[in-house]
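Got some structures for you, see below.
Here subunit A shows up in two complexes: once beside subunit B, once beside subunit C.
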Partner chain A sequence: MPQSPSLSASGSASPGLARILFRRSEIGLVVALLAVILFFALASDTFLTVRNLTNVLGQASLAMIAGVGVAIVFISGEVDVSVGSLVAAVAIPLITVMNATESLALGIAAALALGLCVGIVNGFLAAYLGINSLITTLGTLFILRGGVYLYTGQKAIPDDVMLESFFQLGNGRLFEVVPYPALIAFALLLVFAYVMRHRTFGRKVYAVGGNPEVARLAGYDVKRVKFTCFIISSLLATVSGILLASRLGSAVHVAGLGFEFQVVAAVVLGGVSLSGGVGSLFGAALGVLILSFLSNGLGMLDLATEWQLVITGFIIIAAVGFDEWKRRQP
Partner chain B sequence: MTTDTLPARKRGVSLSALTDNSQIVLIGLLAVLCIGISLAAPQFYSPDNAIAILRQCALVLIVAVGMTMLLVAGEVDLSVGASLAFTGCVAMDVTNRTHSVVLGALAALAFSGAVGLFNGLVVTRLKINSLIATIATMMILQGGVYLYTREAVQNHHLLDAFTAIGAGYVGPVPIPVIIAAVIFAVGYVTLRFTLFGRYLYAVGANLRAARLSGLRAERLKLLAFVITGLLVGVAGLILASLMNAGQPTAGRGFELTVIAAVILGGTSLAGGRGTLFGTLLGVLVLKIVDNGIIILRWNQDLQMVVPGLVIILATWLDIVRRRNDAR
Partner chain C sequence: MHAETLTRNEAIPLDVPALAMRGIGKRFPGVVALDGVDLTLMPGKVHALMGENGAGKSTLIKILAGVYGKDSGTIAIGGVETELKTPRDALKKGIKVVFQEIALISEFTVAENIFLEEYPRRADGSIAWKTIRAEAKALFDRIGFAVDPAARTGDLPVSQQQMVEIARALAHEAKIVVMDEPTSSLTPKEVELLFVVIRRLTALGIAVVYVSHKLDEVFEISDTVTVLRDGRHISTKPIGEHTHDSLIHDMIGRRIENLFPRSRTGSAGKVALSVEGLSTDTKLKDVSFEARAGEVLGFFGLMGAGRTELAKAIVGYDPIRTGRITIDGTALKPHDTRTAVSLGIGLLTEDRKLEGLMLELPVQQNMSLAALSSFAKAGFVDEGSERSAVQSFVDRFRVKTPSLFQPIKNLSGGNQQKVLLARWLMRGLKVIVVDEPTRGIDVGAKSEIFALIDRLAGEGLAVIMMTSEMPELLGLSDRIAVMAEGRLTATFSREEATQERILNAAIA
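So, the complex of A and B:
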């Protein structure tokens, strides 16, 4: 991506292979991921088994799909924290429509329709009305969660028709090995990484996030680009919500509480800057994988589950701190 | 003087400071809410209800004073909710062990002050974006509080003084309201009239310029984090006293309420803009909405939906008003 104006502005002057490797934060993330895997492979007998590794991939895929969307919004210079409530909200139209029509396709369509509406509202408020996106999406985070509580009366809505296809979506495995959610996550990651790197739209997102004023003078429709990013983010979070509902087997009103923090932490850990224009989707995906393997590995050691949170917190600080330190080096 | 160039200074310190035009929208909103609710439910204006609202406001306002300073300096703290719960547990536990309210209160302040110091050091020394740093602290505290205590820390000491902190009265006024009023007054004077306060605006508005003019930006931010931490300690102590227990699950979502109130009050997330008077209005609006939902016997779950709508609406009205002013 050296052609990106925003990246060259952040300073990648002299070549040299070692320096390039040092600068490309993805390499550092891969090393960190391998270190995490190696550590737990040595520390636990059951960690490095196909079953466990694919389990982690399945679990990570939900945060990864939503993370891709959140990363795109971050790169465009905005923030989206509404995903935590959205994953719970989309399960309601999904399950109720499926219960009424016994059709998975109609259920998914209904869920995507809700996701699209939320994306349009977020994007309209933040991009066109110019309301700070953290406020906007904090607002929709509240509204959606409250809406879910109101609609469900704080009870889970059970899946009455029990479609096999719906169950397989979140719990099935290709050749009995690779979980379908991981395949979906990987496919979406590749598609959007391609778009962000090689299509005009992706380059526009980097330009808009890096310097909106320059992007506007260059003739880009800044508002429209940001609007589209919010819609992408909401639709991807909807996909996460559908897979989560399939895993839970119902529309659970408390699903996804705190999910937004988990996703934001992973995406920032992956080197996507909160100030816009910097970062890559592969980095974001690696951030998600690191946190997922970490929490799985810690769960395998005989530690109280609460240690997971504590250690993850310290690792985020250490990793982001190291990244910042690296960036300051001449 | 660098401070002369600050927008907040230009507005002057006269009466106009109170009806600062960015707050007209909020004052209007507050009036509409009060009139609307009292028409539908006359008991809204009873002294009991007014005191209930003020007591509800106290906790949020105490922490919001610190959060306003942080946002003015261009930083944010998302760990206040988790820290609030943890501090409450620490306060109750230490009071149980020592049978001394003073020691319990000191332990709570020491703990929450240390959390603030940790946040401040991570943000200013490691240069980590405060949003992400304090999400990490939030995780550490949420995990840590369960390692500290599996269940609520019950009140075994039965000291009257401890209960009085949250539930006591001086005349007709609840003690938490008095504490909040004092903290608000001190915070208001600090932010508006002291060098420290003016420097926070300078640092938040333009970090480079502030550094070049010789301000020790890192130290100022660190201090703002510690102040926020200490105020969380005060709030945690009051909360433990009110609930008569240290609840590890308390404070979920508290950070979002506080930030919503501060932003609603016109403080900019980008730093350098905002007043504590606006924060007070923001807290009042959110808590009167909450109260209205309860006394109108609406579904309590609306307590999440309506504030969400109010924040977005108020911010939008502010943008519209500013655009009209600019013309």
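So, the complex of A and C:
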């Protein structure tokens, strides 16, 4: 209903500072991240060291890379939970091909090929056949994990050729300080944030998630946009899987168990709406960082993992609940 | 597509029709929606499209928008014959339809929405945000629309969102702008501003189609009027050749067949529902009326008059600001459907699928829903008595269903409606409110629904029927109340009511 009597009433539209702070949830997330860091810096002597902080960054980068992809799928109005098994599955072609060819490039290519296939299957089933994407990707999550168990016989496949380049990928550091995975995560984040903001594809993803009917009327191919999002998500999860395999030094059948929920939790905490059209990749990345620092800090306080899980759960519900409440304010 | 083209496009010849639709036909299963309709639009003119609900206006503009394909006829744009295959296609050919449902992404800024179809881009292919903001600003300045292009669209009132849609049409060099009931949610002041904008559009050489029920607006803004009725083209005349009466006559013009069995003989009983001074924040303003046991009280109103809002307010669905609702002598607290149901008032909603039916569940569960507690002993539903109650209604109402366990989505619209009616009657109602009871129901089933409504009143219920269908209003009602813009504008007895009187009160 119109509240404003005049078409020239720009009052309702001019954003005040408070309004920007309220709307721009990234700022709230930065404050939350700083608060988490400050709290643990005060509570623990070992938390605020370069070594520890860069370690956390290194660990967070796997969830951040996959999280960027999952966030893009969320923004398009769909869901992707298959990433947890995909990170384990892609390690198999990676390690097997490297063992056979002694080539890192071929191994990576094989892993990406599997990731692409999974993305195509997810995207085809969810976007083109219209099967609910939560169910579709839950299905592929199970299928991939089962496939990994069957193929490996419930054992890890060791890396026989031990390429230095492969080891460095997940474990090396630039200038002995910044872990390579963190650099890769940051670079991918910037690239996709640019795409989402400054390329028409990105705007289409927001439009399709925000209001598919309007997007269709504007001439967008809604299905193709969603299909592409699933492929991006699977390829990014593949990158996470490659880095994880490098850290583990083998293809581990139980790698990434529960990883999908870690990623989904972080992305949602970062303000990306499950209903589509809302959120930013920077928000998602901040969500990953908040949860990573939280779990690291709680660990340093010698809090049992069980309690870490409980606390994380409460924080996610509280944060998303607050977000919902905020949204409902006039 | 850029703002500097906003002076009149000299390339548009003023004597060639911007659009010529000839012999347009469109059928839907069981209905002929359009039958040989013509429409000719001249550049720089406002062409009003009028007709009662169901006359075919919406179908025609959806064909124009590329949403529906036509079954027959031809469409020429600027003298060149063409096909409008998709919404995108129509847009590319210069046709922009502003539907009542605003087609904007509410999370995006106003400026971004304007360029949604085609973002201006820089040489490297990235989106030229600065250009977008600057051009949106320039565009708004030209049409005298002072809104911040950086505002979030969802934060704007509907009237301004409508302006954004019109600005969007200009950004895409539309030659034809269609507005579907553009004033239905605008205040009088906003309507004036809309008219200023429409005149600017015509000065640019754009042809405007103005779809409306509101006679005063049509006389004020349009150059030509085309009237449709029952999917047929009735007349196209310059507005100067019409009077209020001649226009209304063209819109109605038909005889009402006797679809309506009338078995009731007795006069109405005591007051079952009384509403005094009812106002809501959404629409209603100071509505007062009474409904008596054994009568059908019909409410008529054009789109946006407030019928559905009234229906929802009196059964307690929607909050009310002021006023008093009394059912059989007991006051109803606002926003309290539980009490409303226990006092014996039920609503048959306009939107069966959204608010009435549990589509996947069987007939039995759908029917017994409101009366479930009467079959329950200590919290367990006695299925035997539930089934026999449901079966007896299925027999009485002649619901066509293979079994009580059939998912209700497999039933026809008319049979679904019967199940919903039975849901409330099983409760033992005193007042039933039916909102557009025959929407989406074919003619045969309609007369059965009419017979049911007639019988309910005969059994002593007070029936309140909201409808926009004139024949059903006149055929069924004992008294007729007319609404316009949230107010009750007139009440007629069955004898006093004529189509002209009712429509005049509805247009007031």
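Methods note: the second predicted complex is superposed on the first by the 316 of 330 C-alpha atoms of A that agree within 3 Å, B and C clash if a C-alpha of one lies under 4 Å from a C-alpha of the other, contacts with A are read in each partner's own complex, and residues count from 1 in each chain.
Methods note: a residue touches a chain if its C-beta (ideal position, glycine included) is under 8 Å from a C-beta of that chain, and two chains touch if they have at least 3 such contacts.
Here the structure is a predicted model, which means the values were calculated and not measured.
Return first, second, both or neither, reflecting whether A:145 touches subunit B, subunit C, both chains, or no partner chain.
A:145 sits against subunit B, while subunit C stays out of touch.
For A:210, using the defined touch cut-off, is the partner it touches subunit B, subunit C, both, or neither? Pick first, second, both or neither.
second
Can A:219 be said to touch subunit B (first), subunit C (second), both, or neither?
Second partner only, subunit C.
Should A:198 be classified as contacting the first partner (subunit B), the second (subunit C), both, or neither?
A:198 sits against subunit C, while subunit B stays out of touch.
Residue by residue on subunit A, keep only those touching subunit B in one complex and subunit C in the other, then list them.
none
Inside the complex, what are the residues of subunit A that reach subunit C?
The touching residues are 1-10, 12-15, 23, 194, 197-200, 203, 206-207, 210-211, 213-219, 277-278.
Taking the complex as given, what residues does subunit A use to touch subunit B?
The touching residues are 125, 129-132, 134-136, 138-143, 145-147, 149-150, 154, 261, 264-265, 268, 274, 304, 306-310, 312-314, 316-317, 320-321, 324-325, 328.
In the complex formed with subunit A, which residues of subunit B make contact?
It is residues 78, 122, 126-129, 131-133, 135-140, 142-144, 146-147, 256, 259-260, 263, 269, 299, 301-309, 311-312, 315-316, 319 of subunit B that touch subunit A.
Name, in rising order, each residue of subunit C that touches subunit A in their complex.
Those in contact with subunit A are residues 86-88, 91, 103-108, 110, 112, 116-117, 119, 121, 125-127, 129, 144-148, 150-152, 155-160, 163, 185-187, 189-190, 193, 282.
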